[in-house]
Amino acid sequence: MVHAIRLAVAGIGNNISALLQGIYFYRDLLSRRIESGELPGIKHAYIGGISVGDITLVSAFDVDSFKIGKDLGEAIFQTPNNYPRLGIEIPKQDAKVSPGLRLGEDNMVIGKEGVVEELKQSRADILLYSLPTGMQWAADAYSQCCLDAGVGFVNCTPEIVARNPEILSAFETAGLSLIGDDLASHLGTSIVHQSLLRLLSERGLTLLSSYQLNIGGNEDFKNLLQNGAGKLKSKKNALAQNEAELDLIEVVPSAGYIRHLRDNKVAILNIEAVGWGGTPVSLDLKLKVQDSSNAAGVIIDLIRIAGVAQRNGSGGFHPAASRLLKSPPFGHADDEVLTVENAIMSLDARAMSG
Amino acid sequence: MVHAIRLAVAGIGNNISALLQGIYFYRDLLSRRIESGELPGIKHAYIGGISVGDITLVSAFDVDSFKIGKDLGEAIFQTPNNYPRLGIEIPKQDAKVSPGLRLGEDNMVIGKEGVVEELKQSRADILLYSLPTGMQWAADAYSQCCLDAGVGFVNCTPEIVARNPEILSAFETAGLSLIGDDLASHLGTSIVHQSLLRLLSERGLTLLSSYQLNIGGNEDFKNLLQNGAGKLKSKKNALAQNEAELDLIEVVPSAGYIRHLRDNKVAILNIEAVGWGGTPVSLDLKLKVQDSSNAAGVIIDLIRIAGVAQRNGSGGFHPAASRLLKSPPFGHADDEVLTVENAIMSLDARAMSG
Amino acid sequence: MVHAIRLAVAGIGNNISALLQGIYFYRDLLSRRIESGELPGIKHAYIGGISVGDITLVSAFDVDSFKIGKDLGEAIFQTPNNYPRLGIEIPKQDAKVSPGLRLGEDNMVIGKEGVVEELKQSRADILLYSLPTGMQWAADAYSQCCLDAGVGFVNCTPEIVARNPEILSAFETAGLSLIGDDLASHLGTSIVHQSLLRLLSERGLTLLSSYQLNIGGNEDFKNLLQNGAGKLKSKKNALAQNEAELDLIEVVPSAGYIRHLRDNKVAILNIEAVGWGGTPVSLDLKLKVQDSSNAAGVIIDLIRIAGVAQRNGSGGFHPAASRLLKSPPFGHADDEVLTVENAIMSLDARAMSG
Amino acid sequence: MVHAIRLAVAGIGNNISALLQGIYFYRDLLSRRIESGELPGIKHAYIGGISVGDITLVSAFDVDSFKIGKDLGEAIFQTPNNYPRLGIEIPKQDAKVSPGLRLGEDNMVIGKEGVVEELKQSRADILLYSLPTGMQWAADAYSQCCLDAGVGFVNCTPEIVARNPEILSAFETAGLSLIGDDLASHLGTSIVHQSLLRLLSERGLTLLSSYQLNIGGNEDFKNLLQNGAGKLKSKKNALAQNEAELDLIEVVPSAGYIRHLRDNKVAILNIEAVGWGGTPVSLDLKLKVQDSSNAAGVIIDLIRIAGVAQRNGSGGFHPAASRLLKSPPFGHADDEVLTVENAIMSLDARAMSG
């Protein structure tokens, strides 16, 4: 029998709501003998023998006083969380939300002993770090707690953790997984925009201009309105097919916080180009996705890669996670896609022979 | 000095207007020392040493009495042609439009001697076959005229010519190029639709439904309103990522003849899918292109591949053309893209060393 | 206490499914003391004292052998009907589907006695005529049955009934309502298109071109693919702000039968114009509606106008219905909108004082 | 013979470029005997006998050192102005750009004598005030200069001038026109959005949510990114059909400064509603306009109304301008549209009889 991965989570936002509800959604389908190849929205029903339902949430950390002390199955629905209810009943979880790490007046981190203790007592395998973007101190401190408690670490945010060679080396030595940094989206605006720009370039059309607007109604879009500049630059770099194109592409990570969109994200793309004889080609696209589903659909793979690799005895980063991250520790190689599928298959093979 | 390719054309529609005007458009840019890497809408400025401007139209065939006898530089603007004027002056050409092949009362083809004679006198290297879709007899007869006159053949239409092993063998034996069948678009609806559906599938999203509507204002869209069924089937096959998806995709090759769009083509795509937890993903796209530029941007490469390969002494089909055709004689292989670029590079290399 | 209107229906398609399900949907809301001003999608919660829930379906006619004999509450879900289930339980109705009128071999109408008998026995007040478009003989015969049985008539289709002066006069004499012809949509493509074109004209912009495409997945869109020509002409007339614009506007009533859209209708509009200095203005719009809800939202008012006017003792056409029809017997006057609201208010007032 | 209106302009931005180029564009058409009813983008070819070409720019004010001293026909093309060239040659104007009003260190306005002197010397009839939004001091000072110089005033901006009863009374007494405040757009996002929301409401559909995003590449969109809040509130008020809807509508006046759009403005609208039975209706719209043409198309009428009314001897505000302004001094009345057309006709009539 498979032992489920015991997961701790830090930051109980929409991503965790999506993750927990989704786990029950797929458990329900699997219990009704839906074949794993037919699970909607799932590419890898199993990784290393672990199904999408084989995750148990065993502890949780947050600093919101309305969430602390609540059962996790209840806390995920607490405002300002606004991921939709998937119509599946979420039972009481083993886990209550514990107080998360805080910064004291002297910029000292408060609460590390409690977090380490809770991680040990709950016998968590992996901690998923999913706090709002921009708190490097918290990413550092939670990863240190994991090292102290003997727990692997998955970093959803752009904070530098797996790319920090010292931290990476510490996890390797300890035989603990360290997977990060920064989640790629399941189907994000960038990958769609990139695919179309690449297609034009391959075909020999000449880009004149392109813009990308993103709007949504969750907390991320509020934050990005102020802090979008950093995200902007990395997005433009990912899109331009060559240096000349950088000036032709405009990206607005948060063009508006539209409250009633809730956790939906809408992206508007425009591409203007010319083809044969300088005649015009124009392309307009609207993409609407459930923002936190876009995260959870990738988190589910990262957790399993981290958990399975750690069980296999290998610590540090695992290449199977590379394509699922925006900033993996060793960058992206061109022939990576095949390698990643191979790496996932090797996890599978090992599990079967194990 | 490079000898330009001497081109004969059969069927003086928008494609030929786009081709001839474009040749002068690029000659003008090249004469103003625009670097070849900066020619708008061009991927291969040179193939085998032949630039996009190194094509001379030396003879032309049509059955429209308003076109016959006119200079080709004038005939391309004759109604119902409605490709836009590119703002470049088209001088008088060497070539007048000659009477094309016709079907007589007893289904005998009329006019073959005249066509062969004209091909010989004009010293054409290659004939571009670009008649309206659906006249297999004409494709057969023109290709036979080419064999008789010692001229290579490029087939823009879905009629079966290069896929006919007997005809292919005859061109091979004669050392004449035979490139076909059926032009891929420079940037067509199908490739955009396909790219997006493939992206979804790669990411593990589950397709619910998709449709594609095409409208335009040229003669093709009038014809397709009646005869779209055949085109429909092949398009759906190209789009579906697996058998199950075939039922989920609807394609309307001509959803309307919209007169004032003239030679513009508008495609409307919709994709509905689900991701993590069964939550919805939807994508709407509008693509607007100059329809005949989409053809001419590919024709320019096919002509040069045919011409260069023939000069190099190799007859029959050349693999460099494979990706530029919907139905090449040996189908499409998965690793073909690299091979095609290699094949084009080998044409280039040979030209340089020659 | 209000006596509900007793309704007979001819043609058990999506419109009747939408109507019957909607009646139960609103009854449920009203029973939960939702205020009438807050009923979603409803403008007139009451007309002449009759609420949207005060309609009882008492008899039904169809020629589909899979529908005949079934209880109406079941027959509305019979294929090819594909209006969605609204999530409200539809109980067994009093009414079974009876055999409708047919054309015999000699073009004689078969089944009139049965229909008249059923109308009398069921004590229907009004018959709603909702057969597929194009069967003038059926519209004639059903209206005659109504005269024979003493039942009012509402014509949803473009067949000429209320515009036939002889028939209209017969209903007037008999003190029976005759409301028709041809349903306006609750929110149709035409009214949206028209509003935008009128706005441009009022502002002094100059129209260059406009197109309108409609697609859907119900039986109407299959039929219209073949028979759209008539509908096309009347649509273009309604849109053009002046004679000159007629040539600039293209309408495709059915640009495609897209099976998986089911009873949804999608309209694609484009408008190109110029403003100050001849600079361009362009507008693209996509409208998605539930096609048969668009009909039922208007039918609900027509039935009540017919029923209330008839109870008040006035036969023939009632002006309160004018704006809800595409072809009312006396056309559309410019100041009609106010009059219609007045007419509806007078029905209300009379009901209150009655 | 008609005496052209002698116009002074304050603030030489895109609006003035659009205005001046447009005047020559229409003069050219009129000189080629295009009938006035066929002038593209023009509703009132004549107001009070003054054609769209009968405006002469006689003096100009700006604080940009790159514009001061240049001929107005050259200054309108000075960066950051980026309205397109209309392809009509703009000859040297009588007017050089003079230094505009400035704020000194002690918040005293500098340069009033020079402005008054220049207004007098140039014998301007009307000053068009078209500075960037947000400088109430400048609007006050320029209007005072006009009173001193005996010149009428048209205020394009939201600053309070015509709505200031003291200023209005001073212009009335002086027999000078005062037209303002805040230009309505020729075809703006608000009027399109409003028309669609009103249509839904009239039809009895129930609004669920709506958003409006605006992007562009001129200086306005840079400014609005910071200062959009005020504009936002008034826009939402204009859109909501009732108080309840206020919360359902989100407007982003500048969702992004997209450099390569230059003076184009793109608006993205979405409307989600429900109809019969609570079934969904959704509407997506993209509107693309030349931003400053939208202003100039209204300015041309305001100038003529101001000029003609002043010639007729009436000072202060003229009701013919009411609909062309967002905040006229006496607000908007419901029956205003007809009145405005009557007012314009009365200006015409008086001109003919004069």
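The first chain written gets the first letter, and so on, giving A, B, C and D; residue counts start at 1 in each chain.
By definition in this document, a residue touches a chain if its C-beta (ideal position, glycine included) is under 8 Å from a C-beta of that chain, and two chains touch if they have at least 3 such contacts.
Owing to the predicted nature of the structure, the values given are computational and were not obtained by experimental measurement.
Chemist: Could you tell me which chains are in contact with chain A and with chain C alike?
Modeler: B, D
Chemist: Give, as an integer number of Å, the spacing between the C-alpha centres of chain D and chain C.
Modeler: Computed value for the inter-centroid distance: 44 Å.
Chemist: State, to the nearest whole Å, the distance from the C-alpha centre of chain B to the C-alpha centre of chain C.
Modeler: Inter-chain centre distance comes to 48 Å.
Chemist: Which chain A residues reach two or more other chains?
Modeler: Each of 284, 286 in chain A touches at least two other chains.
Chemist: Chain pairs in touch?
Modeler: Result for touching pairs of chains: A-B, A-D, B-C, C-D.
Chemist: Which part of chain C faces chain D closely enough to touch in the complex?
Modeler: Where chain C meets chain D, its residues are 18, 21-22, 25-26, 40-44, 84, 86, 186-187, 191-192, 195-196, 199-200, 203-206, 274-290, 293-294, 296-297, 300.
Chemist: Quick check on the complex: what are the chain D residues that touch chain A?
Modeler: Touch list, chain D to chain A: 208-209, 211, 213, 215, 248, 250, 252, 255-256, 258-261, 266, 268, 270, 284, 286.
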